[in-house]
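One chain, subunit A, links the two complexes that follow: it is found with subunit B in the first and with subunit C in the second.
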Partner chain A sequence: MANELLFFMEVLVGGLLAGTMYSLVALGFVLIFKASATFNFSQGAMVFFSVLAFCGFMQDFNIPFVLAFILAAFLMVVVGLCTERLVLRPLMNASEDTVLMATIGLGYVLEGLAQAAWGVEVRRLDLGIGDFPVPWIADNLKLFISALDITAGLVAAIMIIGLFLLFKYTKIGLGLRAVADDAGAASSIGIPLKHIMLLVWSAAGIVALVAGMMWGARAGVQFALVDLALKALPVLIIGGFSSIPGAIIGGLIIGAVEKILEVYIGPFFGGAIEGWAPYVLAIFFLLYRPEGLFGEKIIRRV
Partner chain B sequence: MKPVFMTYTKKDLINLAVCMLLSVLIIPTFIKTEYWYTSILIPWLCLALATIGQQIVMGYTGQLALGAAGFMAAGAFAMFNLILRVPDLGFVGSLIVSGLIAAAFGILFGLPSLKVRGIYLMVATLASQFFIIWMIDKFGWFKNYDSSGIITAQDIVILGKPFTTPLAMYFVCLAVTTILTLLAMNMARGSTGRNWMAVRDMDIAAESMGVSLLRTKVQAFAISAFYCGVAGALFAFCYLKSLEPVAFDIKLSFKILFMCILGGLGTINGAFIGAAFILLFPVLLNAIGNNVFHGAIDATIISSIEQVIFGLLMIIFMIYEPLGMAKLWENLKQSMKSKLSSSGVKGVKTPLLKK
Partner chain C sequence: MSDNSVNILDIKNIEVMYDNVILALHDVSLKVPKGKVVALLGANGAGKSTTLKAVSTMLASERGKVTKGSIDYDGNSIEKQNPSQMVGLGMVQVLEGRRCFGHLTVEENIISGAYSRKLSKGDIAQELEKIYTYFLRLKERRKSQAAFTSGGEQQMIAVARAMMAKPKMLLLDEPTMGLAPQLVAEIFNIVKELNQKEGVSILLAEQNTNIALKNSDYGYIIETGKVMLEGTAQSLLNNDKVKELYLGISKKGRKNFRDVLKEENLNKKSN
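Up next is the complex of A and B:
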């Protein structure tokens, strides 16, 4: 019995920590959605683009880790700038669905550019953190938890706290919230809309880079990252599109439920139910609580 | 213009006659190379049909769905099993029933559309994509316990006659596509289509006008999935000639979404234009790579460039012409007409005079 409980705990903790990896991707979506009510479908492509560039800088040009990170982050700022200028500004008054489709196009552009520049083969990314159980925890608590998972959890926690403080206590954060509330009213009282957009897209780009590094260290830097990032969508539905804590909780729920289902129910169906279980979970959430756990209620009028 | 037969106007009938003449007489007489049939015309017809399905749910009913390939897979594997297990049904019967099976999936995964819209719905339809592919992959029964992963599709036999040459398969696809396209036009113009468009433009307003949201949306999803299912069956049996779940992955869904949007949302001819463009553009790009640069550019680079161009086009169309290539074509025709009439050609009315 104790063994079974321990095994369950291990699955649960492993799932929760893996869930923070989804949260990291979801965080990028939330940032942009919060500030512009735009759903940025290209977030997954941004993850792929940024981490592939990071790998390319490090492996093809032998640039040291920190400098490569700064360069990749700078690249994401440039991407944010171009997106704001060339895609978002002309679509300022377009409908939500139109902007969403434009971001699907943007995702294609980023994926294509990344592959044209750095090639299509899978790259290994070594962060110096192994994807193996931490001996100390394994010895003392009898739980086998990957060091990478713990790092991802810590990184996620730091980013959440940072972003939370930014939104809550700085002038920029106040501006961000004002723009999210009503872009027209915010710009009429002198909040520089384009700076805010640039800031948000850059922040989302850097979040994407960090998420990509975590994913890349686990699964290799490859195109499949884009599909993995799609799993951030059910996370957002559960957590709510406009809530940073929601992204985290949503990620934890998806991570845990996915692992538990896979381990306990998966064998009856031949396994690999991870592929669709999060989406079906999201559908059930949609039916009962369409706005997510922490989202704002959607009110539509004729 | 007044309809002369069902909802079709005189102009439609002329268009139909021209298309039929072109596709039944001119193409088979002038195009002899198999390559054109097996690699361009057949997949074009199949994908155009799937795109019409996507149009119905997205262009006409305004529901953001992203799971066309899943329904195509359902149709293709239903077809395989029907021919295998219920041989009495015949090819046409199996095609219809596999469309209906796909439609059943469409209804199931279309139900969330009653509650949610936009990106939320997109996620719900993604579930169908992943679930259907997983189901086919995991339960051996669907693949007749074939362990190799790739199953050869059975030969097409209609009324005892085999349809195995590329030209014969082209005619099969052409016949099915023509019938379903005419039906789609009919539906889009009748009360069914009016209801779809009312829901697209403002669902709450439509509901208060007495349009049943449940009926309209579920109907749109079912019909859309039917079209995708039939298209998937044709795609597998006439084009791929094999069945594997991987052929119907999320990438194909995105491709069909692109065909639908670039072609022109809410138009039937846009489905054909979009499918032709997405299918032919890579061929063109490869030809340029081979003939102009003599293979100096790597094939993977070419496919990356292709992706960048599709993405850019998507953005450009969203900014300048959200109604896609069908609208561009319409504008071109309009400007030609007004040029002709201003230069004194008789019998062409300018839109200005009509007012």
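Up next is the complex of A and C:
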């Protein structure tokens, strides 16, 4: 009995830790959604693009880890800059749907560029953190939890706290929150939208890089990362598109639920249900609580 | 001295179109002398907001465009400017409907107005204190979320936020919309005080003709995108047609200046 409980705890904790990565990527979506009311379909491509570049810098040019990370992060700022200048600014007064389509196009461009520059083969990424249970926890708590999961959880937590502090206590953070509430009013008092756009796209890019590194370390840096990042979609449906706490909690829920379902119900379906189970959960939310757990209820007069 | 140094704002015969087809303003000319309060009066849809947005260059974000005429602010054409540049030049618009940042606190809302200025934390605190002397009510509520304040307080937030940008000129779009008479008076007192003590020139769009004229130096009345009448605030308050059409002291069933002009034309013909 006790063993079963321990096993459940193990599954739950592993799921929650994996979920922090979903939270982080969902946060990238929320930032862009708040600033421009658009779902950024290129987020998955950004994950793939950034981490492939990081691997390329390290493996093809023998650049040390830290420097490669800084270069890749800088590259994502450049991507943000180009996106703002070449895609968003010309579409400033276009409808939200147009911008949405543009992000899909941007996704293809990024995928293509990444593969053209670094090749199409799957790359192995070694962060120096093993994907095996931490002995100390295994000995003392009898829980087998992967070191990679723990690292991912910690990194995600640090980044979320960092973003929170950035938004709460800096001038540009205040500007972002103002734009998120009312972009028109923000521009009427002289908050330049282009700076805010650059900030959110750069932040989303760096978040994508970190998530890509964690996922890439486990499953290899490959094209499938694009789809993995789309797991943020059910996260957002559950958490609410415009809510930062929603993204965090939604990510934890998806992470935990998909692992629990995989372990306890998966065998009845022949396994591998974590790929689609979150989307089923999302459908239930869409049916019964479309605004998500923390989203703003949308009231529209007809 | 040239004409420009007297008038901070000079609008000459502008025409405004939305989406290249909808003609919102036909022919609007108006001047705002430095340090004065000018009222722009008219009913819903007359073109008050469009005029203000043409001046603050916020038209572009609503697919509007000035297609004829010119707008000079502080002696320079505003044609090539964008809203944040206009704020930098000291022209700030307070949009219709208050438009506070609901999730931000009252104080954060006000501080956000200083975004375009390069101020240190100390400078901001100092500016805040100065602003609070005009908006005592807001100081009490500084830590509340703006969405949970009353309509009057939200209007004060919107004006206080604009004042944080240290404007030379304020464009106020219906600051008293939907407010109780007592609050209307309070808002106008603050506006008057800002005008006198801070020397801010003000262009005020209002439907509330009576109180707007009582607090202004000069007034323009527009209908369907055209200036129908202008004059000093006092002369407009005493004008029979204004009394009849805008102050509700009516004898006949005439509703606007167009009806009046039609009648006058008929009279001329019959004479």
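In this section, the second predicted complex is superposed on the first by the 300 of 302 C-alpha atoms of A that agree within 3 Å, B and C clash if a C-alpha of one lies under 4 Å from a C-alpha of the other, contacts with A are read in each partner's own complex, and residues count from 1 in each chain.
Keep this in mind: contacts are C-beta pairs under 8 Å (C-beta built on N, C-alpha and C of every residue); 3 or more make two chains touch, one makes a residue touch a chain.
Small disclaimer: the values here were computed from a predicted structure and weren't measured.
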Superposition on subunit A - do subunit B and subunit C clash or fit: fit
Winner by number of subunit A residues touched, once subunit B and subunit C are compared: B
Touching partner for A:R177 - first (subunit B), second (subunit C), both, neither: second
Touched partner set for A:I206, first subunit B, second subunit C, both or neither: neither
Touching partner for A:L91 - first (subunit B), second (subunit C), both, neither: first
Subunit A as apex of subunit B and subunit C, Cα-centre angle in degrees (nearest 10): 90
Contacts of A:G107 with subunit B and subunit C, given as first, second, both or neither: first
Contacts of A:A229 with subunit B and subunit C, given as first, second, both or neither: neither
Partner chain(s) touched by A:A185 [first = subunit B, second = subunit C, both, neither]: second
Closest approach of subunit C to subunit B (Cα atoms, Å): 15
Subunit A residues contacted in one complex by subunit B, in the other by subunit C: none
Subunit A contact footprint on subunit C (complex, rising order): 56, 58, 60-63, 83-84, 86-88, 92-95, 99-104, 108, 111-113, 115-116, 158, 161-162, 164-165
Subunit A residues within the subunit B interface of the complex: 39, 41, 86-87, 90-91, 94, 96-102, 104-113, 115-116, 119-120, 227, 230, 233-234, 237, 241, 269-273, 275-276, 279-280, 282-283, 286-287, 290, 300-302
Complex contact set, residues of subunit A against subunit C: 92-93, 171, 174-175, 177-178, 180-182, 184-192
Complex contacts: residues of subunit B adjacent to subunit A: 64, 112, 115-116, 118-120, 122-124, 126-127, 130-131, 133-134, 137-139, 202, 204-205, 208, 250, 254, 257, 261, 300-301, 304-315, 318-319, 322
